[in-house]
Every structure is written in structure tokens, then in C-alpha cells.
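Both of the next two complexes hold chain A, though its partner changes from chain B to chain C.
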Partner chain A sequence: MRALLLKRGLQLIAVAWGVGTLTFLLMRALPGDMAYRIAAGRYGMDATDTTSADIVRAELGLDQSAIAAYGQWFIDLLSLNLGRSLVSGSLVIDELWHMLGHSVSLAIAGSILSLFIAVPIGLASAWKGGWLDRLVLSVSTAMRALPVFVIGLLMIILFALEWQLLPVAGYDTAFHLILPALTLGLSMAAVSARVVHVEAKRVFGSTFYEFARTKGLTHVQAFRRHGVRNIAVPVVAFFGIQLITMIEGVVMIESLFSWPGIGHGLVHAIFSRDIPVIQGAALMMGILFVVMNTLVDIACYYLDPRGGQLQ
Partner chain B sequence: MNLITTHELAVYAGETQLLQPMSLTLSAGERLTILGQTGSGKSLLAQAIMGNLPSSLRCTGQVELFGETVEERFRPALWGNKLSLLPQEPWNALSPLMKVGNQLVETYRWVAGQKKAQAQANAEQVLTDYGLASSDHKRVDELSGGMAQRVAIACAMAGGAPVLLADEPTKGLDVSRRDQVVQLLLKQSDQGALVTITHDVAVARQIGGRVMVMKQGVLVEDGQAEEVLNTPQHPYTQSLIEADPVRWPKGSETHFAEQGDALIQVNQLAIGRGNTILVSDLNFTVHTGEVIGVVGDSGCGKSTLGDTLLNLTPAMAGRVERFSSADQYRWQKLYQDPTAAVSHAVSLRTLLMDMVSLHKVDTDRIEPLMARLGLDDDLLNRTASQISGGELQRFCMLRVLLLDPVFLFADEPTSRLDPITTREVSQLLVDAAKEQGCAVMLVSHDPALIEKRCDRVIQLTT
Partner chain C sequence: MLKTLSALGVASLMLLSAPSIAEPTRANTLAVKGQFEFSSLDPTRKGYVYQRMQVLETLVNVDHQGNLIPGLARDWQVDASGKVWIFTLQSGVRFHDGSELDAEAVASSLNIAYKKPSLMQGAPITTIEALDKQRIKVSLSKPYSPLPAILANYSTAILAPSAFDAEDKVVAVIGSGPFSAYEVSIPHKLVVKKFDQYWGQKASIEYASYLAGHRVESRVLQARSGEGHIVLGIDAAAVPGLKRIPHLDIVRSDLPRSMAVKMNLAHPLLADQKSREAMSLAIDRKGIATAILRSKEAASAQLLPSYMADWYVNNASAERNVEQASALLKAQGWQKNDEGWLVKGDKAFELSLITYSDRPELVKVATALQDQWKRVGIKLNVNITNFTEIPSGHQDGSLELALIARNYGTIADPLGILIKDFGNAKGGDWGSMNWSNPQIQTTLNQLVQENDPEKYHQQAQQVAEAIYKDKPLLPIAYYVQHTAVNKKVKGFRFDPYERSLYLNELTWNK
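And now, the complex of A and B:
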């Protein structure tokens, strides 16, 4: 366990450095004058001209060379200082902290929904097979083939515009969370339902499951005592793989539903070339990714200790 | 009262008959052994009685249990309490993530309907009786095959079923474990009925009672054990009995140890895995053209010895000296489980030709060797999943022998084969050693096989 945590700690540092450097390089490679973009972000498009751009340039020291700017960012990072937003002037860490709460609640709600969708459907299609299996497979394939923002748009059109049950976008009430979380949940469940299906079939068809039945346990007892845990191991491991889909989905969904999380903040920061916020947001996602993968590894270890040691 | 009666019970896959219609009766205290090679439909009969045939198969005829006809779909209600099945391959039959003690406790608790404390006390008692007291908290991957089989027997019997169907209960066990398992089965079946399915003639002898000999889904001989096994009438029964290693003719008496050159010399060798030493102070010399048997309890380091001699695992202490400078690929190993040692993704021909071109083997040698191994050229067009375990093991031997090995470590190469194939495969190994001047180390849990095939024996003890 200690070896695992140490290894993940080192990974965390490598990810932080890599993500920060990569975003810095990408931002420098974007076309257009950065000062104009930042000025537009601050004062609005109409009020942006050479004068305001020059003011921004002078104030933020945008004239300094790329290497100097990178060095400054790196030194600040080592002292855990993410800097201030170029647009709003507030501390990046405060902005991120605020956005993180929204993103995490969306991610958790989406993941839970995806489990509530994937587990019953996967189990049912494994148990029943036949037409149900084919139906689930077609729907899953179609869902997976659709980009997540298309699923989101369909949700908006159906639930918000056609039936007017839920708000289109925004974040005022708990109802505002339903559509974004459902979109995320559906796009994740598209694949995980199939994983549950395959693993459930493997367990139901296994010799040990059959022996659990022939030694006298009922269907329900055999499932509870020998099915759940054996199915859960690969499903939890797959959840770790799916984290990338989830983070990707969060960025898209937040923009689509104007959900004020990190993904939404990241997109806005890119438009206005707010480099400290971009780097901070990307960094935060990288860290989240490593931390959540570590949690998945630990969960897998406790579910299936046969691997012996955590690696 | 008859515990089991079947009327014209038959099994079909589509229109193909896999098991001819069988009628049999078994009353309390009776024992029935169904004897036959793999693929003879023995397991199907047990599954057809039990009512757990794979859904792709179809069953006709009737099964009476305890004097009443019971439809297949109602039979699961009898499982555990009235009717129990001990499956093949106990390693796969026990739940992989649950401690074995709990698997027994849950059977007493939920199947026999005992209170928690009593179920625990019973499970503890039975595990102690079976010599498994210290294995209570282990998972099945931490047990040997024999231990897992004993746990499985305990679980199958815990519900109190008077009728036990045991499907190859001794497969892969060494002789002492095999006898233990047979004794357990006999003890458990005092009051009830026991149906044992086996390919092992010795097991059939020990169990006694009635014997039915089956070949490809057809009953060829039926009668009391002594009668059938001592004076077999059908040629198939005769060949089965002849194939028992005890009855093999002893090989040539020449001791190659005195003739051949020394190939490997081992001094004060200690072997082990990870940080655990399994055996130490090994001293022996292997000569060319010699067949050495390696015996010892399961888990005592037989496979590790092979890996150490082949340079696949580092020695823990001591020295392994080679007196031949042959390429590493001519120091070969034959694996216990051929299905795990061969890729299933491409045809066997591709596998063979890849090896032939890699090591520039003379292709003219393939055909005669295949003929000797009893392999059809046709087989090479299939993949490993499409041929039987015996055929695949012979294919593995083909690959190994084409490389002109100087040393061959055969790690239980016959444990998954039926006796007739075992006899052929082990004879071929001996012939290869004598003809190609290769040193063979043969691991087996069957002392009779070792005695008949080997020039001398190394006993591993921890």
C-alpha cells in the first residue's frame, strides 16, 4: 500500500509538470495577439482597441520572453502559487475551488446515475439474453457513437423544450443538475452496461457459480454471495478506465448546460487567453485523474486481494 | 426404496445423440461407477440426472428421484438437500474471492438451515476432520488441488443430500490424495447413493459396487466391479484396464546413467520462488539419454526445479553446471496444461511453421514425426481450441522434439490425458530420449507411471 501511494505521488508530480508545460506551449502556439484577447475578456469586445491592449500588455508584462514567463510560472507552482486570473484579477486558486465544487457534484451525480442505469440493464441483459441483449447492445452502440454534446442537446430538446419538465441550463436549483448529470450518466452507462453484461455472463456461466447453485444455494443467495463481488471487480476496474470519458464529458456538458464548473471555466479561460486559469484548471483535472485512479486501485485491491500487493 | 431411477435418459445436441438412452436404478447404500475416457459422455449422464445440462443440449427420458418422477425444472429445488453434484476441477468450483471456510459455513447455514453459531462449529469440525483446520481463512488460489477437492466435497455434502454425483473427483490428484478423496466419498455415501464418474480404473476398483463402462455415449459393459474389472468382456474395457500404468510392461532395464555423458551437474542446489526456499541441498547429475522421474507432494517445488534447471528461475543457492554448449532453445520444457501453453488465435500450422522458420528446422522431418505421434496433417489447419487436450499435448511434443532438445523437462505432461493416451505419450518421451540422446526429466504424481518409464527417480521433500 505504501509503495502504491509513493508511486502515485510521483505520478502526481509528473502529471502536474507535464500538464502545466503542455498547456503553456499550446497557449503560446495559439494565433492572435494575447493582449487583445485579454482586453476583450476584461472590457468587452467593443471597448477593445490598441490602447486598452497596450495597457494590458504593460500591466501583465506580456512582453517578456516565453522562457521567462514559463520560468516564472514554474517557480510560482513550486511555492503552490497558481497566480491571479488575467481577466478578473482574483486568485486562481479561489476561482478553481469554487468551480471544483460544481464539477465534483456533477461528476458524482453522473457516475451514480450511470451505475443505476448500467448495473440493472447489464444484469438483466446477461440474465435474459435474446432480444433484450440485442436491444441493449444496439442502444449502447448508438449512445457511444453519439458525441456527448449531442446526447445533451437531445436531452434539452426533449425534457426542456418539448415537455418543459426541466430547466434548459444554469445552476440555480437542484433541478438544474438533473439534465447535465443524466447526460453524463447516459454516456458513461453506454459502455459500462456492456461491461456489466459481459462480466455477469462470465460469472453466471462459471463453474463456481454453478457449484454454488448445485450445493443448494438459491438464485438470490448465489447471486448475493458469489455473484456481486466477482462481477464488481472488473466493473470497478473499468470505472477507472472510464474516468477519462467522464472528465471529457464534464468539459463538454458544463459548457453546454452553462454549469459553472472547471470545464466551463476552462473553455472561457481559453477564449480570453487567461493562462493562469487554464493552467490551473488543467492541473486540477490532472490531479483529480490521478487521485481517482488511486482510489479505484485501492477499491480493486480490497475487492480482489489475489493480486497480492498493490503496484 | 430406489433413490435414482432413469428411464431411457438420453442427451442430444440438436439432432446428434451424445448419450444413448440409459436406464438405471440405484437404491440406498448402493454405489455406481461410470468408467470411460474423456469425451465418452459420462459427465452428460450426471448432468442429465442433476438437471443442469448446458442450455444448448436437450434431454429426453425420465428421471425418478426418491420414488417420484421429477421434471428437470423442478430439480433445482432438490439441490443440496436431496441431490448434490461434486464438479470436476475443484479449483474452478470454489468461489475465487471468498475464504473457503465461509463457503462451507454458508452451506450449513443457508442450505442445511442451521443457526450461525452451529454452522460455524460444524464447518470447523469438518475442516479439522479433513485435515484442513489451518486452511479455514485461505482462498482457493492458496490451496492445492487436493485441498480444494476436500473442501468441495465438504460443501457438496453439507446440505445433507443422500444422493451424491461425483464427476472425476480424483482428476489431477496424486495417489495418496486420490485414496483420501475416495475414502471420503465412501464414508459419505454409507447411507445414500454414490455415482462416481471417472477414467481411473483404480478408483473404480476402490469404490466397488456396480460399474458401467461407456464409450462415446454408448454403454459397452455393465456389471459388478470385480467382475467387469477382472474379466472384462468388451475390447474397450480391456484396453482401458490395460492402460493403467500398473499393468504397463516395464521398459528396458538398461541404465543410461552409466553410459551417457554427464549433461547437467547440480551441487548443493536450493530452489524456491520469491524469497521462499522450497527445497535445498539437491545434488544429482543428469546424463544424456536418461529418463529421470521427479516425484513429490503437490506444491513441493517440482515445477520450480525444472525452471531452475532451464535457467528460467534463479537458483537460491548452490550451482547448476551445464556440460553442453547447446543453444538455450534446445533446453526445453513440456507444460502440464497444453491449452495454456499454446496460442489459440492462429492455426496450429502457423504456430508450427513460425517455429520451423525461426530455428531453420528441416521440414522433411515433420511428416514422419507427426505419423509417430499419431497426428493427422488435417489437425494443423485447426486452432488449439478445436482439438482435444491429448492431441494438443502431442502437438506440443512435436514442436519440442523438432528442436532436437538436449534436455527436456516434462512437467506432468499426462495429468490431463486419459490412460490410453497417457501410455502413448509417455512411451514417446522415453523413445525420444533414447533415440535423440536427450535427457528427460519426467514429473508425475503417478508412482506406477514413474516406475515403468524412468531409469531412476528424484524424490523432492521439503
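And now, the complex of A and C:
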């Protein structure tokens, strides 16, 4: 365990440096003059012209060389200082903290919902097969093919307009979380339901499972003792892979539902070239990624300790 | 996070002093949904949300015709030299923290704003000081008539002394409007609470909230579901559908914002007025206004709308005339080749136009122009890019044509913007480019010193006439804003200068 944590700790540092450097390079490589973009983010489109861009350029010292700016960022990072937003002037860490809370609650709610959708549907379709399997397969394919933005709109049209059960967008109450989380859950479940299905089918058709039935265990007993764990390992591992889908989904969903999370913040920061916020947000996502993957690995180890030493 | 907390802290302090008010709930809160986010507590940075939600007030207000009317200043006078302005404050005005709004507080707030980059820095201000409790003196280095109009802009809103920290940074939005800030959650949400000690018309609704959602699809759905009582910035395409919803009224308003084609007059194809005239005649403005903006009356061949009477040319025509356009081009030696494109020797009449997608209608209009100019043989290449390419293309001279949307109402008097856009031969980032008309440009620059309304009108007319005839810019249409208002709300009116939502005039329909 200690070896694993040490290894992942080193990985974390490498990811932090890599992500920060890459975003820095990408932002510098984008066409267009940064000063205008920042001015637009600060003062609004109507007030953006060469005068306001020049004010921004002078205030932020944008004329300094890329290497100097990069060096400064790196030194600040070593002292855990993420700097200040070029647009709002407030500390990046404060802004990120505010956004991260919203994103994490959305991500957790979405993942839990996706499990609640994917596991029963995947198991049922593997168990029953036939028409149910074909139905689930077509629905999953359709869901995966639709951009999450469209799924979100369909959810709003059904739940908020037709049935008037839930609010359209915003974040005033707990009810506001339901539709964005459901949208995220559905888009993730589209694939994970199939993974559950395939794994369940493999287990149900295996010789060890057949033997368990032959020796006299009931369906429920056989499933509890020999099914759950065997199915869970690949499903949990796949959940780790799905983190990418999740982060991608969060960005789109947050902007559709006016959800003030990190994905939404990142999109706006990119529009207005707010480099410290972009680097901070990307860094945070990178760290989150490593941490979540570590948790998935640990979970997999405890589910299936046969792999030997945890590393 | 910290900001939210500190704003909440201030709000809860206020709650303690007024224990009778309940929490904001869906029943007592008017929900406004808008397209613009705000990035800071400081009104000099996108502070329009605080002004529109009536937390902050300015010395001068603007009526719907663009006339300057009293705000926190009861009246104002300029001396004979045109360089000293005295503003007299309303009496009995209190800030939301209970302190008195006196000349000292106002002068200090304006001095802080003046140090920050904003519109005020365009005015030749030397000092701002309190004369006594009620009067403020603003001294200028030279006469500047748009000063009161600038003091109506959100960036000059008056904040209480307790709103600033020791380094003049804004730490809380404490103003004097009919609503106080209850919850400020940057960049999305602002909740305001009615202020019982307001000096003017007190509000009847208890709370109002502003939620920014930059996707128009979400906002349209919020109007339909009844979640938003006032939904701003509805796109034209959604209007017919929303009109059929029984609980909604759709309010249509003209904005002092125009769509126009910016042209580089140093380009050989655009240097001659006759070519520009032909390009203008080939545009089907009414078709564009009807099909894309869904408002036929919005079509216009001049920049400013009729309610800006000083700058409005009465006999301007927005009609299309393809024959006349073709004749003008032919007279200049352009011939159509086999493929229908204009050529003169081995030269083709080919131009490139840039525009941006932040305003989705611009992209559609750009393709309409491409098609309409094709009919007279002009080849247009459209390039959709970021809007900041326009000011930078202007500066480095690489721009040929650009389709832009320009707001002439950020300052109530469009003069300041017109000087920036047309006031010199080089032009402005969002105005003319290489248009030299020394006589008109001198007149325009001298207007800031003109305090006689009659003479001002005459000279403004000359300028407007020259812009219309010489065509350094090709105006296409005015902007129309659609707002969805729930029938639960009574008394809504739309401010074309987008300064106020007049929430204090609204009541609930029982």
C-alpha cells in the first residue's frame, strides 16, 4: 500500500507539472492577442478596444517573454501559489475552491445515479436476454451517440416543461441538482450498462458459476457468493476509464444548466485567456484524475486480492 | 467562496438590524434570468448587473429617449468656461449600511473609480472634490459636454465608504439603490433585497434574483416553465413559439445598437464612394431584418435610431436596388465574366469579411450578404473568427470588411463613441477605417464644447448626414431585444439603455 501511494504521489507531481506546462504552451500557441481577450473578459465586449487592451497589457506585463512568465508560474507552483485571475483579480485558489465544490457534488451524484441505472439494467438484460437485451442495446447505443447536451435538453423538456416537476437550470435548491446529475448518469450508464451486461454474461456462463448451481446453491446464493465480486472487478475498473467521459460531460452539462462548476469556469477562462485559472483548473482536474484512479485501483485490489502485492 | 461569505456576512448584519424580513423563497422572489455573467464586485469591471438590479445608483440617470435626468444628483451646472461642473445631491439619501450619502462619500467613490481603467478616464478630469455636504465640484482641463452622460454609466456608480478596503479594492457591494445586495455569488448569481430606507420610489417586491445562463436555449426553457419571471435576451427564432404560451408576454424593444459592415477605405476596391454606394444598394436590408432578426422595422441604412433625434437622418432610404447598384459598378468599368463575377481587366471584385459567433445572428447575416452581393457579381469570402480580430485587424491595417454589432448607448450621449469611431482619419476599432473627411471630423470633435442644444442639433445632423452619404460604414439594421415576462409580474418596462430593470416599480399580479 505504501509503495502504491508513494508511486502515485510521484505520478501526481509529474501530472501537475505536465498539465501546467502543456496548458501554458497551448494557451501561448492560440492565435489572437491575449490582451484583447482578457479585456473582453473583464470589461465586456462593448468596452473592448485597443485602449482597454493596452491598459490590460501594461497592468499585467503581458509584454514579458514567455520563458519569464513560465518561470514565474513554476516558482509560484512550487510554493503552492496559483496566482490571481487575470479577469477578476481574485485568488485562483478561492475561485477554484468555489467551483470545485459544485463540480464534485454533480460528479458524485451523477456517478451514483449511473450505477443505479447501469447495474440493474445490465444484470437484467444479461439474465433475460432476448428482446430486453436488444432493447437495452439500442437504447444504450442511441444514448452514447447523442451528445450529452442533447440528452440534457430532452431531460429539461420532459421533466421541467411537460411534467413541470423540476426546475430548468440554476442552483438554488437540491432539486436543481437532479436534472444535471441524471443527464450525467444517463450518458455514463449508456456504456457501463453494456459492460455490466457483458461481464454478467461471462460469469453466468462460466464453469465455476455452473458448478455453484450444480452443488445446490439457489440463484440468489450463487449470485451473492460467486457473481457479485467477479462482475464487480471489471465494472469498477471500467468506472476508472469512464472518468474521462464524466469530465467531458461535466463541462457541457454545467454550461447547459448554469451550474457554476469547474468545467464551466474552465470554458469561460479559455474564452478570456485567463491563464492562471486555466492552469489551476486543469491542474485540479489532473490531480482529481490521479486520486480517483488510485481509489479505483485500491478498490479493485480489495475486490480481487489474487493479483498479489498492491503496487 | 470568500466573496460569497463576506457578502453573506454583510447581508446577515443587515438582517439583524431589520429582523422582520423573511428569507428569500420562490414565492417572494422575482426571478430574472439574463445572459451576462459578472466577474467582480467592482462596478468598473462589468458592473452593469449591480446597476440593472438596482443595488448601485449613479449621479445621473437616462430616460428612454436618451435624455439625462436626475439620479443621485438633483441637478448639475457648468460654468461659462465649460471646465467646472457642480453637481448638487439629493437630500436624505442613505447607503445600505445606514450611513449617509454626502458629497464627501460621493467624491471619494468617484475618485477611486477614476483611478481604475474605465470610461471616466476618457474625460479630461483634473479633480473631483466635495464643496460642502450637498455639492460636488468636478474640474476639467478642457470643456467636455458628455461629462454628465459618463456619470450615468455603471462604472461611475456610487459605493459607500465601507465598500472599500484600505487599498481601495471593492470588498462588498454597498450602494444606495432600492435594493441591497443579499447574496453575491460570482459569476452567476445575485440576490437582492428591498431596501426600506430608499430615498425614491420604494420597492414592493421583497427579493429579486439574477441568474446568468449564457445558453439561450436554457433561458427560453426557463421562460416556458415559469421558472424565470423576467427572461432577458430571447433570440428572435424562439419568439413565435413563446408568443403562444398563455402565461408569457413578449416585450419587443429597440436598442441603441446597430449592425454594420466596417470597411477599410484604404483598400483599392473600397476607396471610391460609388463602389460603397453600389454595395449598399445591393443589400436587401428588409429581407435580412425580416428573415433573420424577425423584425422588418429593424432594417436601416443609418447608424442611429430615431429616438436619438440629433443624429437621425430623416430621409435615409434602406431600399434595395440591384439595377442601380449594377449600373454604378458598370460605370466604373466593372464587367461580369462568364461565371457572373465582376472583373476589370485581370482584377476581380473580391473581398473578405470577418465576423464573430458570440452574436449568432451575425454569422447568418454574413452569409446573406455573401449571397446578395453575389447577385451583382461581388465575391465575398466570409471568415468566422474571434471578435478581437476586428480591433487588432484595424490596428495592423489587415482588415478588409467586418460585420460588427456596435452599442451606441453605453454612454447616453452617443457623441463620445462617435468621436472614438469617426473622429479622425485613421478611424476607430469599431468605427470607420481610413475615412478622411477633415471638415466633418473637426465638427465632431468640437461638439464636446457645444452647450447650445440648437447648434448642437444642427452640427450633429451634418455629421450624421455625412456618414450616411459617404458610407464609411454600411449599416444594416438596428438591434431588437425580446424579453419574456411572466404574467404574474405587473408593470415591467424595458430600458433601451439597459441600465435598470425598474424592479422597484414592479408588483405581483394577484
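Assume the second predicted complex is superposed on the first by the 311 of 311 C-alpha atoms of A that agree within 3 Å, B and C clash if a C-alpha of one lies under 4 Å from a C-alpha of the other, contacts with A are read in each partner's own complex, and residues count from 1 in each chain.
The definition used in the following text is that a residue touches a chain if its C-beta (ideal position, glycine included) is under 8 Å from a C-beta of that chain, and two chains touch if they have at least 3 such contacts.
The structure displayed is predicted, hence computed values, not measured ones.
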item: Clash-or-fit label for the pair chain B, chain C on chain A; value: fit
item: Which of chain B and chain C A:Ser255 touches, first, second, both or neither; value: second
item: Partner chain in contact with A:Ser79 - chain B first, chain C second, else both or neither; value: neither
item: Contacts of A:Ser65 with chain B and chain C, given as first, second, both or neither; value: neither
item: Chain A as apex of chain B and chain C, Cα-centre angle in degrees (nearest 10); value: 160
item: Chain B versus chain C as contact partner of A:Val168, first or second or both or neither; value: second
item: Partner chain in contact with A:Phe208 - chain B first, chain C second, else both or neither; value: first
item: Contact breadth on chain A, by residue count: chain C or chain B; value: C
item: Touched partner set for A:Leu217, first chain B, second chain C, both or neither; value: first
item: Where chain B and chain C come nearest after superposition, their Cα distance in Å; value: 47
item: Touching both chain C and chain B, counted on chain A across the two superposed complexes; value: none
item: Complex interface listing, chain B residues touching chain A; value: 50, 52, 76, 79-81, 84-85, 87-89, 92-98, 106-107, 110-111, 139, 141, 152, 155-156, 158-159, 161
item: Residue numbers on chain A that touch chain C, as the complex places them; value: 32-33, 36-37, 40-50, 52-53, 55-56, 59, 87-90, 94, 97-98, 101, 153, 156-157, 160-161, 164, 167-172, 255-258, 260, 268
item: In the complex, chain C residues that touch chain A; value: 1-4, 36-37, 39-40, 42, 45-46, 48, 117-119, 185-189, 209, 211-215, 217-218, 221-222, 224-227, 358, 386-389, 391-392, 394-395, 407, 410, 420, 428-430
item: Touching residues (chain side chain A, partner chain B) in the complex; value: 206-208, 210-218, 221, 225-226, 229-230, 233, 303-306
